Every structure is written in C-alpha cells, then in structure tokens.
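Next up: some structures, all given as structure tokens.
Each of the two complexes below includes chain A, the first together with chain B, the second together with chain C.
Up next is the complex of A and B:
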C-alpha cells in the first residue's frame, strides 16, 4: 500500500514538474477557461435579463468556467499520456514493478491536482470583477467536484490515448470535454433551453455536477443539489475508470 | 506576371491541399468546435431574440451562422500557421527556399490552398444551417456575398497565421496563440448584436474588424444584400487580407535573410 502511494506521489510530482519546466504548454489551458468566462459574460451578459437566472450572467457562468478548466486538464492528461506512449517513456514505465492500477491512479490523481490551477486563476479574476464569494462549504464542494470531473475526463482521455496511442487523437479528447460541460444548463436555466438541449442536459450527468458547483455561487448550499452531483461523479468515475483500467490492462498484450 | 509564378503557386497550393486532406485531425477542429459552439449557443440562448434591441430575425440559428463561420475561419488561420511551421520544423521549407522558384510563391501557394479550405468551411456552415432550418434572406446574391467576405477574410487570417509561423518557426508557438484568437473573437459582435454587448466589449467591438466581417456575412443571411454592413464587411476583409499579406511577406523576407 505504502509503495503504491509512493508511486502515485512520484507520478503526480512528474506531472506537476511539467508545469514549471514547460510553462508555455500549461498557460493556454490555464487561461482558456477564464477567457471563455470573460468572453461569454461580456457577449451574452444581457441574457440574464430574460429572467430565471437568479444572478447576473457572469456569476451564472463562473461554474461553467471551473468545469471547463477541469475538462481541459483531463483532456491534457490524455494528450500527455499519448505523447509518453509515442516517445517510448510509457513502455519504460510499464516495466516498473508497480500494479497497473497504481500507475493509472497516479496519472488520474495528477489531473485532479492540476485542475485546481485554472480554477484558482478563474476564481481570482471572477472575484476581482465582483462575482460574490461563496461560503467556505460552497467553495469546498466546488473544489471537490472540479477535481472529480478532472478525474472523469482524465479517465476518458486515457482510454482514448491507450486506444489510439497518438497525440493526433487530441481533438477527440477535447471535444468530449466540450460536449460534456456545455451540453448542460451551462448557458441558461433549464426552462429557457430549447427542447433538444433540455433533453440532452437531462441525460448528461455533468448537469448535476454543474448544478452542484453552481449552488455555492447562486443561492446557498443545499443537500438536494449536493448529493446528485457526487452520485453522478461517482458513477462517471466508476464507468470511465473501469474502461481506462481495462485499456491499461490490455496495453502491450 | 510570369506564368511560371502562377504554376509554382498552383503546385504549392495543390500540395498544401493534399496535405490538409490527408490529415483529418487538422480539418476536424475547423468545423467540429465551431459546430459544437453553434449548437450550444443556439440551444441555450435562443430566447435572447426576444431581448429589446435584438434585430428582427427568423431564428437565432440564422443570426449565429455568421459567428460560427468567423470562428471557423479564424481557427483555419491558426491551422495554416501550424502547417507552415511544421514545414519549417521538418526542413521542407528550406528545401523550397533552395529551389529556383519565386520566394513569394511560398506565401501565396499556401494562401491559395487556404482560400479553397475557407470556401469549404463556408459551404459546410451554410449546408448545416439549411439542414436545421436557417434561410438566407439575400437569396443567391446573399450566398455569394457570404462566400466573398468569408473567403477573403479566411485568406487574411491564414496570412496572419503564416506570418506568426515564419517568425516563430515552431508549431507549438503558433498553437499557443489560440487563446488570443478567442479573445479577439469575443471582443467582437460575431456572436451577439453590438448594441447588446456589455461594456467595455461594445467599445472594443466597434474597432474590431472581425465585427464588420461577421456582420457583413450575417446581413445577407438575416436581412438581404445591399445594406451598409455588407460594404463594411467587404472593406474590412480586404483591409485584413492586404495588411496580413504585407506582414507575411515581411516575415518571409526576415526568414530568408536569416537563412
């Protein structure tokens, strides 16, 4: 057990080292959610005049930016793994006497931690622009959900990376994160959505995660919005984690 | 002009197009991301057409089509830059420089290919719009105006991408300008009427040529040809292409001097 923790720690440190060694590669992923949040709120800000938002559009859209940051980070984890596969580093990693599940846990845990970076940057900018600061509980729930969604997207993009074994599959990883986060109540409350998007958001489990993050920013934290978010997250991690573990188990055979 | 120059431009354009078509991972982002964004914008914000100050439109999809085209053309510009940078990284560009061909053909060959891709992008979004119920109020003339502004602007964005690639000489730097593309796009009226933008974006949008390009493509779709914004769109696209080609040629000269 302690050896597994050591391996996971080493893989997380390696992923975090990449940020300081190649900051140019990390900057777009950190900036993009904030740019999206600022851009969307500046362009579509008047939409909150339609009613039903219970806040200004910028506050409404901040949780979307947080989840986008998690999605981008998860996708980047898959792209980095594909790069390691292409370069041969991943084959060398598989030679180490650690269970493959431990290696997967290390890569996924690194995504969870890295997701806090774009999220923190976005929140600093949002608070500076007047978005109300949620309660500590609201922030804590948001952080946990953001980290959880990064794990979900990392599991998905790892599955893709192990299947295609090339960085050229990057758009596939990014598009899934895009669809997952935006085909929800991202832009408007459910009653204002068109029928097809309302149906999509009903089916999409990320909607519950988004509502779980959003409750801290609009209104207050309520159990009825909290438990569905964590249940949805657990379900997604179970399904996509199993697929990633299966892909890793089959890799090289 | 020397016919040899046109033959070289044509040959380089064909090569670029073949390269693009062989790598669908380069084409996919040009249409996938703007399509997704279009779907979410229309699905989530369709009721905004009821806001006071929103122009009269048959549907929000009609209004958003020009925004999606502009976004796609901008991403196309980044893709042109990446393709140029990859040729520099791989050494093919140096081999072209060493061959007895007019140097400016290196820029214009790639841009000719970009214009064909831009026409393809416009076609894709028009077809997508028609499939989901949009209509072009300006009829056939309106469609031609959309193509004219779109292709000219697309070439301009491609020239900007090339200029950056010739200066940076590596694909990852060109890729790194993507967030900047988003900034420029959001600071325009590509997605929402200028009157309804929040401050200070409404002021910035007034000076942003992208606003005029997007509005120039939008007007034939939602109103018809003949409005002022069509002329403004054409002028903005021509200015962008002129300025960008000038910058790209200067960057080429700098690169040749270094070589």
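Up next is the complex of A and C:
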C-alpha cells in the first residue's frame, strides 16, 4: 500500500513538474475558464433578470467555470498520456512492477491536483469582481467536486488515449467535458431550459455535480444538494475508471 | 504473424545476440518477453516466470532498453533516474545514491542536472541503459541499442554490455548489426520472417559455412611457387586463388596466423605487399540459411576496427 502511494506521488510530481518546466503550455487551460466567465457574464449578464437565478449571472456561472477548468485539465491528462505513448515513455511506465491500478491512479491523481490551478485563478478574479465568497464548507465541497470531476474527465481522456494512441485524438478527449458541462443547468436555471435540454440535464450526472458546487455560491450548503453530487461523481468515476482500466489492460496486460 | 513458433533458451549470465533484418520479428519477440505484448500462443518464461501468467514477477527481474530511448525530455537525467528508482520500488533512502552511482557509471555525471532534451543521441542511449539497470535486473533486454549511434557511443555501450556480462547479468541483445552480435554475443539466434533460422556460437555458425583464410599479394616478381612451399605447414594452400590474389591459405587460427605467415615469408625473402584475413561472417550464415543477405550487413563497423 505504502509503495503504491509512493509511486502515485512520484507520478503526480512528474505531472506537476511539467507545469513548472513549460508554464506556457498550462496558461491557456488556466485562463480559459476565467475568460469564459468574463465574456459570458458581460454578454448575458442581464439574463439573471429572467428569474430563477437567485444571484447575479456572474455568480451563477462561476461554478460552470470551475467545472470547465476540471474538464480542460482532465482532457489534457489524456493528451499528455498520448504524447507519452508516442514517445515511448508509457512503455517504460508499463515495464515497472507497480500494479496497473497504481499507475492509472497516479496519472488520474495528477489531474485532480492540476484542476485546482484554473479553479483558483478563476475564484481570485471572481472574488475581486464582487462574487460573494462562499463558506469554508462550501469552498471545500466545491474543491472536492472539481477535483473529482477532473478525475472523471481524465479517465475518459485516458480511455481515448489508450484506444487511439495519438495526440491527434485530442478533440475527442475534450468532447466529454464540453457536452457534460453544456447539457446541464450551467447557463440557466431548470425552469428556463427548453424541454429537451431540461430532460438532458435531468439525466446528465454532471448536473448534480454542478449544483453541488453552485450551492456554496448561491444559497448555502445543504445535504440534499451535496449527496447527489458525490453519488453522481462516484458513479462516473466507477464507470469511466473501469473503462480506463480496461483500456490499460488491453494496451499492455 | 510477426513471430511464428520461435523456440529458444538463454542461459543465466549469457549474452544472447538476436540477429535479423528489419521486420524479421525481433522487436515483437522482445515486446512479448518483456510483458509489453501478450503472446497469442505458446509459452515463454523469463527468469523462471511465465510472461503471460506472472508478468509482474517478470517485470521485477528484467531491465529493458527499447529501440527508441524512452525518456521525458523535460526532466533532468538525475530526476529521471530517481523517478525510475521510485517506480521500481527502491527504498527512498537508497534512491539518490543508486541514481548517482549509475549516472557516473555511464559517464553522465557532468550532465545529470541538465534537461534530457539537451542530450545527444549517445547520451540519451546511455541514460536509457542506466535507467534499465536501476534495480539491478537479472535479465537485461537491449533492443537495437546502438542503432544510429556514432562509433564512440557504440564503443561505450559495448564496453558496458561486456561489463554486465562479467557481473553475471543475462543480456538479450537484439541487433541488425553483424559485428555487434559477433563481438558481444556468446550465442546468436538468427531470425528471419518470424522463425529462428540458425542458432549457436558465432564461431560455430561461421564454421558451418566456411573456414577463415589469408589472401596474400606479393611485391614485385616474387616466386609464388617458393611461397607455396614456405607456407605449406601453415594450412591448406588453395589451388586457384581469387582474381588479384597471388596465394590463398586456409588458417584455422584466424588473425593469430597473420604474424607467423608474414615472418616465414620474410625470412624466405618474399615481400608481402598486401594481406587480408577473409572470414565467413554471420551474414554468410544468414545467406546460407535463407538465400538472402541481412539488411545493412556490415553497416556498423566495430569501434576501432582496422584493416590489416
């Protein structure tokens, strides 16, 4: 067990090391959610007057930006893995005697930590612009859910990377987070959604995660919004984690 | 099918040269033996463990340097070595010392804190080898370790392989270079189209297709008949030597026969203008077994090789 933790730690350090070595590569992913928040709140800021938002539009979409950051980070994890496959590094990883699950956990865990970077930057800008600061519990739950969603998206992109083994599959790796976050109550409360989108958001487990993050910013932390978010997250991690593990077994047994 | 029913056995402490042209199945065989590719049939054991059923145990026993040096170019040599040590379960207290030791062994101490992206091809290869050795493996797989390297880097790697052999490490060396297999391997397996076509010591394999001989050319109007008489005791003198050669004599001792032959001729007043030792090569073995020649045969001259 302790050996697995050591290996996971080493893989996470390697992933974080990349950020310090090539900071330019991380900047777009860090800035993008904040740019989305600023742009969308400027264009659609008055939409909150339609009712049901219970906050100004900027506050309403800050959680969306947090999830977008998690999505970008998760997709980047798959792209980095595809690069490692192309360069042969991944073969070296598979040749070490650590269990496959440990290797997978190391790669996924790095996504969870990296997801805090765009989220932190977004929150700093949002709070500076007057978005109310949530309670510590609200922030903690938001951080855990963002990290969890980054793991989910990382599992998806890793599955794609192991299947196609090329960085050219990057657009496919990003599609899950794009669809997952878009087909929710991301930009409007449920009563304002069209019928089909309302249905989609009901089915979409990311909606629960979004509402779990949002509760800290609008209203307050309530158990009824918290447990569905974590259950949805656990379900997605179970399904996509299994797919990623299966992909890993197929790639190198 | 890249590999078709290969049957081979490598003894502990042996350097086994796995020789064949591009596309013959060398890399596929290695990838199966190192647990990167699941065999679709048959059985293979490495260090006593079945590669399909006990891959984790196999991985603990082997070190692997694949055809392309698989390195993270953003990390420094030292960081990579320490990461590799951690991945292989070396205790944290020993990681640093082990990494330093191996970096020094492959001559990269001065470059250990530079990013690997700045290394030359030879330096990357040496680092790759050092990483493969981090956990002191029982069996080392080297997949075409010198392809594309300059003679100096090649010589360094050859020296390291010899040192590993002396330390008792079993080395499975795939190469398309005849000279490399000839110089380093205790035994050689030659693969063609997924099948082993010849196996044995380089000397035994070459002896199967012919004996070494000396081709001699004399200065001026030397008495070839007299030369025949002088050399009669050294070996069988060919009745009709090749074009441009005055006399051809079989020498079982190979290069060790050159000096005595020249000395004997000199004492008889016959001046030798040119002498060449002609030995059957592993390419001749390959040609005898398959009817074709190895790609790039002779393309990798031995470091420091000279023509007499």
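One rule holds in what follows: the second predicted complex is superposed on the first by the 251 of 253 C-alpha atoms of A that agree within 3 Å, B and C clash if a C-alpha of one lies under 4 Å from a C-alpha of the other, contacts with A are read in each partner's own complex, and residues count from 1 in each chain.
Throughout what follows, a residue touches a chain if its C-beta (ideal position, glycine included) is under 8 Å from a C-beta of that chain, and two chains touch if they have at least 3 such contacts.
Everything quoted here is computed from the prediction, not taken from an experiment.
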Once the two structures are overlaid on chain A, check if chain B and chain C clash or fit side by side.
fit
State whether A:146 touches chain B only (first), chain C only (second), both chains, or neither.
neither
Figure out whether A:95 sits in contact with chain B (first) or chain C (second), or with both, or with neither.
second
Based on the superposed arrangement, let me know which partner A:123 touches: chain B (first), chain C (second), both, or neither?
neither
Have a look at where A:15 lands relative to chain B and chain C in the superposition and call it first, second, both or neither.
neither
Let me test your reading of the model: by the given contact rule, A:66 touches which partner, first (chain B), second (chain C), both or neither?
neither
Counting only touches as set out at the top, which of chain B and chain C does A:81 meet: first, second, both, neither?
neither
To the nearest 10 degrees, chain B and chain C lie apart, as seen from the C-alpha centre of chain A, by 90
First (chain B), second (chain C), both or neither: which does A:178 touch?
first
Touching A:47 in the superposition: chain B (first), chain C (second), both, neither?
first
Would you check which partner chain A:105 touches, where first means chain B only, second means chain C only, and both and neither mean what they say?
neither
Between chain B and chain C, pick out the one touching the greater number of residues of chain A.
B
Report the closest approach of chain B and chain C over their C-alpha atoms in the superposed model, as a whole number of Å.
16
For the complex, which residues does chain B have touching chain A?
23, 25, 28-29, 32-33, 36-37, 39-48, 50-51, 172-173, 175-176, 178-179, 182-183, 185-187, 191-192, 196-198, 201
Chain A-facing residues of chain C, complex
34-38, 52, 55-56, 59-60, 62, 64, 66, 68-72, 74-75, 79, 83-84, 86-89, 92, 115, 131
Per the touch rule, the chain A residues reaching chain B in their complex are 24-25, 27-28, 31-32, 35-36, 38-47, 49-50, 168-171, 175, 178-179, 182-183, 186-188, 192-194, 196-197, 200
Quick check on the complex: what are the chain A residues that touch chain C?
3, 6-7, 10, 13-14, 17-18, 21-22, 87-89, 91-99, 252-253
